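As written, the chain order gives the labels A, B, C and D, with residue 1 at the start of each chain.
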């Protein structure tokens, strides 16, 4: 109803890629981690990494609806690590360069990121400052033609493989929000070091690193936009990040329910298929109703974005609904799989492991609530 | 974003009517019941009772978007009894006449109902058959030029004041769904009697009756559509009924929250306004997120209806989300009003009293779940 | 540990049960709308039941069953356990099983009152002859006692009381206010207040009814206009009011009408067996099975908390967190039970009491409305959780 | 009623506490990932801990602490209460506090076993020398025991066992299967099965590991291929298997690792005090205060159910509904606790055990994964609710 033939053709090509180039490797990548240069190279060739970006930099110049289609189809990936890695590349680390970067930054970093030749990461979170971005300690001090960077970042997705980081650091001492800079930091500069890959319980196909900066000199031309405004840019970038959770969630929840229904339809208990049990049927359809309403809140957000409106509140609402829904569906469906759900490396158990963090990363539920409350003027 | 100037002008006129002709009387009507002939007469003059209906019968010939605007504005009424009475007239008792009735039924009943000259009621529920329509016992037996009706109906909204009923009765003995007739039953025929108004805890401004039929002879021309298909017609009519809960719910929930926020902003506890308490702020915004998503599921349903699609599943999902949301919001906001919420005849306590039934009437939550499960093929 | 009742206790339970069944009028079920752990429909507040309720309380008093938990030295029965057993049985039948004076006033007077006050008040309280109402809440200050505005100014042998109280449950059918008033205007917050017993009949006391959400008159606004109260009616020391209220609160939280929980569950189970059994209505049966199983567990759990609190008091200990936990658990369960009950009964639940077709005498929707009062009154759920977090777990304040 | 421990019990608790603190290695907290009321990370299953766990159990056995609840006539301590106290303390430290043989096997053998079997098995079980694994579940038949397919065909003095079991917790580190097999192929449903003890080392027994969601090897598939089992290894009577399993189930449901609930709460409270105190992070503090207050109440409630079940068993009564209620409540609480814990710790909760930065040794996400097993294993929550509705409340079947 909302997508035309061109959208559907694009959807089919993304889905084909997921089915052929991603899902067959997921079991292996969960063990070894996904090889991002290889994967992104293929995706870049197909134009998947620059859907909304300017064709001057290799982008497709398409609109938010195409982006939505793309993310919806990534929801079919068998695990959340790889889509997260992709979303870091397209929706977390590059939007600020696109919106506020100089021509040369775009040519040097955005274009190759769109082409899948460079892997990007977004470096905001620090040890001791989770959802509270204002508590950041990493500092970039101007010194001639460079900013000298000292500090560390943690929970950095793609951090082990990244060629550059989009990094937020304190540039001044004011109490407000106008004392941060957002920088493009190539990872081959002296002073950069990466800890061993953090060993996470979920999202195992994605690498997550702790990064250290020891007098790393960032060339001044790698500052994105104006010094002092980095925090504001990052807040705007957050909207692109948080949006990604929505289409992924309703797609994946539906997949999870479908696979659960297929299982309990076959599973005979006390002489009847488990699907005939009313408590299970009722539980499933409650989730379906929530999934459907999340989908249409999402499409509303897309329309607002197309109309150039501020979507901070609506996206926060969407993420606030999506995270807990995902948790309820993955844990509730696992319950229906019974003992099978408790086996390692069944798909349902992977979903359960991967999704808990969706209520925490990219702004925890409580942070979303605070944002909405402020936007409402409470 | 979804409504143009014409919609907004229409919205303003409905809102004006609510503010001037309904809300000032609500306290009195809660005690005495709303005088429907008077109220519907005024509404009929303004064209509010036939928004979607054919101008040939006095309708406005407008689309589902206008109907949605109308119902949204009724959500601002200070209590659910009056909107329920109106919705019975426009969305429960007349859609089947419009869809399947003969020309003469339309002229004789639909047109004056649209004009607000006749008050209509929908007579389906029976003692001992709540949500389970198939368990009906009231029977209409063909005898010459009439069907002879015997039985009783209960929980009939508008039942004390109705000029005619749209009534479902068994016409045959088959086990399936093709043995019911839907009839227009004028209440001035011999054999009709109405019990005293049922004394309900909520929706007190609306009258609710138990009706008895003792060899009441319904003229054969008052059969709607084909004999035997009444159950099917009623199922289709249910969609119009159930839809009404959606726009009412998100409008009223927003009003309830706004009035609660206004109250706890002024209320000082332990030296600070209650609105500064994080647990309350967080609770409020969770509901706002659900309200917003319900609104967009509703608009999706409107678009589907405009496109002529079957919306059974989506409307059931909407009602399943709306009833419990309404209960959560009205009871949660009452808690924030503290002792004030426990006083009789404060608006929040009226909302709390009126809304519990929304998860039960018009198909209880469990019935919605069964419908969705069947539609999904579980 | 020992979870069993003694033989004496079992015999006593049976004695109370026999008495209550015999004394209640045949139409009692249609007249008593008490919902457990709620404040709005307590039988004793319904005017048409006043005569019976007063007489019933005096009968309980004559048997010593209103002061079973008081120390023997104060004329009581010396057994909190027996009092709790009696309350369990009596509340199962939704009969009045005590009042503010017997449950809160008496024990607090025993704890902090003067010898003169004990002599004057304990005997009539124990006999069920006088009752108190709790005069804590004021307009715009429900759970926040520290913003107390009512004053009691010393004037010779008297206090002169001025101010307004609200949500005064049963003030119109009681004899004395159990009143918290500020005696030291210079002191702010939780200091400088005193607890007083103020006779409703004193000049300057005006009681105005508030109709509650259930449609009952249980609450009142009460105005004090230069009311002259002799100083001997001071409960506990001067300016010790907040401390004394804290003492009284511990007793208050045991008043949950525990038996009435089990009664409603029994009635719902009976209804479901009759109406939804034998595949008559599978949908309703499935819903009811799951919901009632969960309620049944919760009620067992509540009994566990109840007996534990009772036992602690029997040992002479003052339950604090345990009492907060029970207040929170019982009032939230009261709401949950009402919500489930409405679902189980379906549309007929909407019919008002008095209606011919109303199942369970229409008590379910009345209870649904009434149950909102539990988590609001006597310290909201939010406040109870805060107490447990701060005092129970030692977590930093929010 | 009496909710207090006796002096002897208090002294005993302290003795167990001292013993456990002394015996556990200093790095025990980093090695034991036990999550309460879950099946997937029970310390005893971790291979690297096997040597220690076996030795620790033998030490408990040497003190008689594995058979405290058995009747004295069978060589036990005759006190379920003392056993429960020991289990509470030991599980607080997440140490092994018994196993299938001591908790389920021994008591069931005492109840239904032959004298010969008692003589042969009870002493080594009590000494902590042998362990069993529960051989109930089969592929495609988890909670539905009636569709049992494994057969034991009589052949002279032996049974010949064929079939497959799955979700066999700890089979690889135990000595005997506590096996349910169909001995009367003509009988269907809940008839014609027999309980057997089958030595893991018999020819034809093949154990294959299943890695669980936590990443541990705790489960197995076990195949029986013409395994010859002497008939003296029959537990209880021929074709009485389902009855005997029901007897065993009552004992199983007490195994909740009660102390470990309180331990995690203590750890979370400590974490919050340190990290979110003094307005460092108000958002997290508010969330934690509310969530932990609610968990604290639930744990108190669970203890109430625990001691009540224990006391019933001490009286020689078999808790049925009470045991179902505790199984349901404890496993659901286990999940809720894990969800709250993940929220409270935030992103660092995601770090795996062994990671330098993982708070609480990374046990929270491991527990979050493990906790899903509780409401699934040993009769799902759905089945428990059905039991309570049907047998407890007498509601019509769905």
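Convention: a residue touches a chain if its C-beta (ideal position, glycine included) is under 8 Å from a C-beta of that chain, and two chains touch if they have at least 3 such contacts.
Quick caveat: nothing in here was measured; it's all calculated off a predicted structure.
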Among the chains, which one keeps its Cα centre farthest from the Cα centre of subunit C?
A
Does B-D or B-C have more contacting C-beta pairs?
B-C
In angstrom, rounded to a whole number, how far apart do the mean CA points of subunit A and subunit B lie?
43
When centres are defined as mean Cα positions, the distance from subunit B to subunit D in whole Å is 53
How many Å are there between the centre of subunit C and the centre of subunit D, using C-alpha atoms for each centre?
42
Can you list every residue of subunit C that touches 2 or more other chains, as numbers and ranges?
282-283, 286, 290, 398
Show the residues in subunit A shared as contacts by 2 or more other chains, in ascending order.
278-279, 366, 370
Tell me, which parts of subunit B touch subunit D in their complex?
278-279
As the complex stands, subunit D meets subunit B at residues 282-283, 286, 290
What part of subunit A is in contact with subunit B in the complex they form?
1, 261, 275, 281-282, 284-286, 288-290, 292-294, 296-297, 299-300, 303-304, 307, 309, 314, 316-318, 320-321, 366, 369-370, 372-373, 376, 378
What residues on subunit D touch subunit C, complex-wise?
1-5, 81, 265, 269, 272-273, 276-279, 282, 285-286, 288-290, 292-294, 296-297, 300-301, 304-305, 307-308, 310-312, 315, 322, 325, 328-329, 385-386, 388-390, 392-396, 398
Per the touch rule above, subunit C residues touching subunit B in the complex are 39-40, 137, 140-144, 146-147, 166-167, 210-215, 219, 281, 283-284, 286-287, 335, 339, 342-343, 346-352, 354-355, 357, 362, 365-366, 368-369, 372-373, 375-377, 380-382, 398
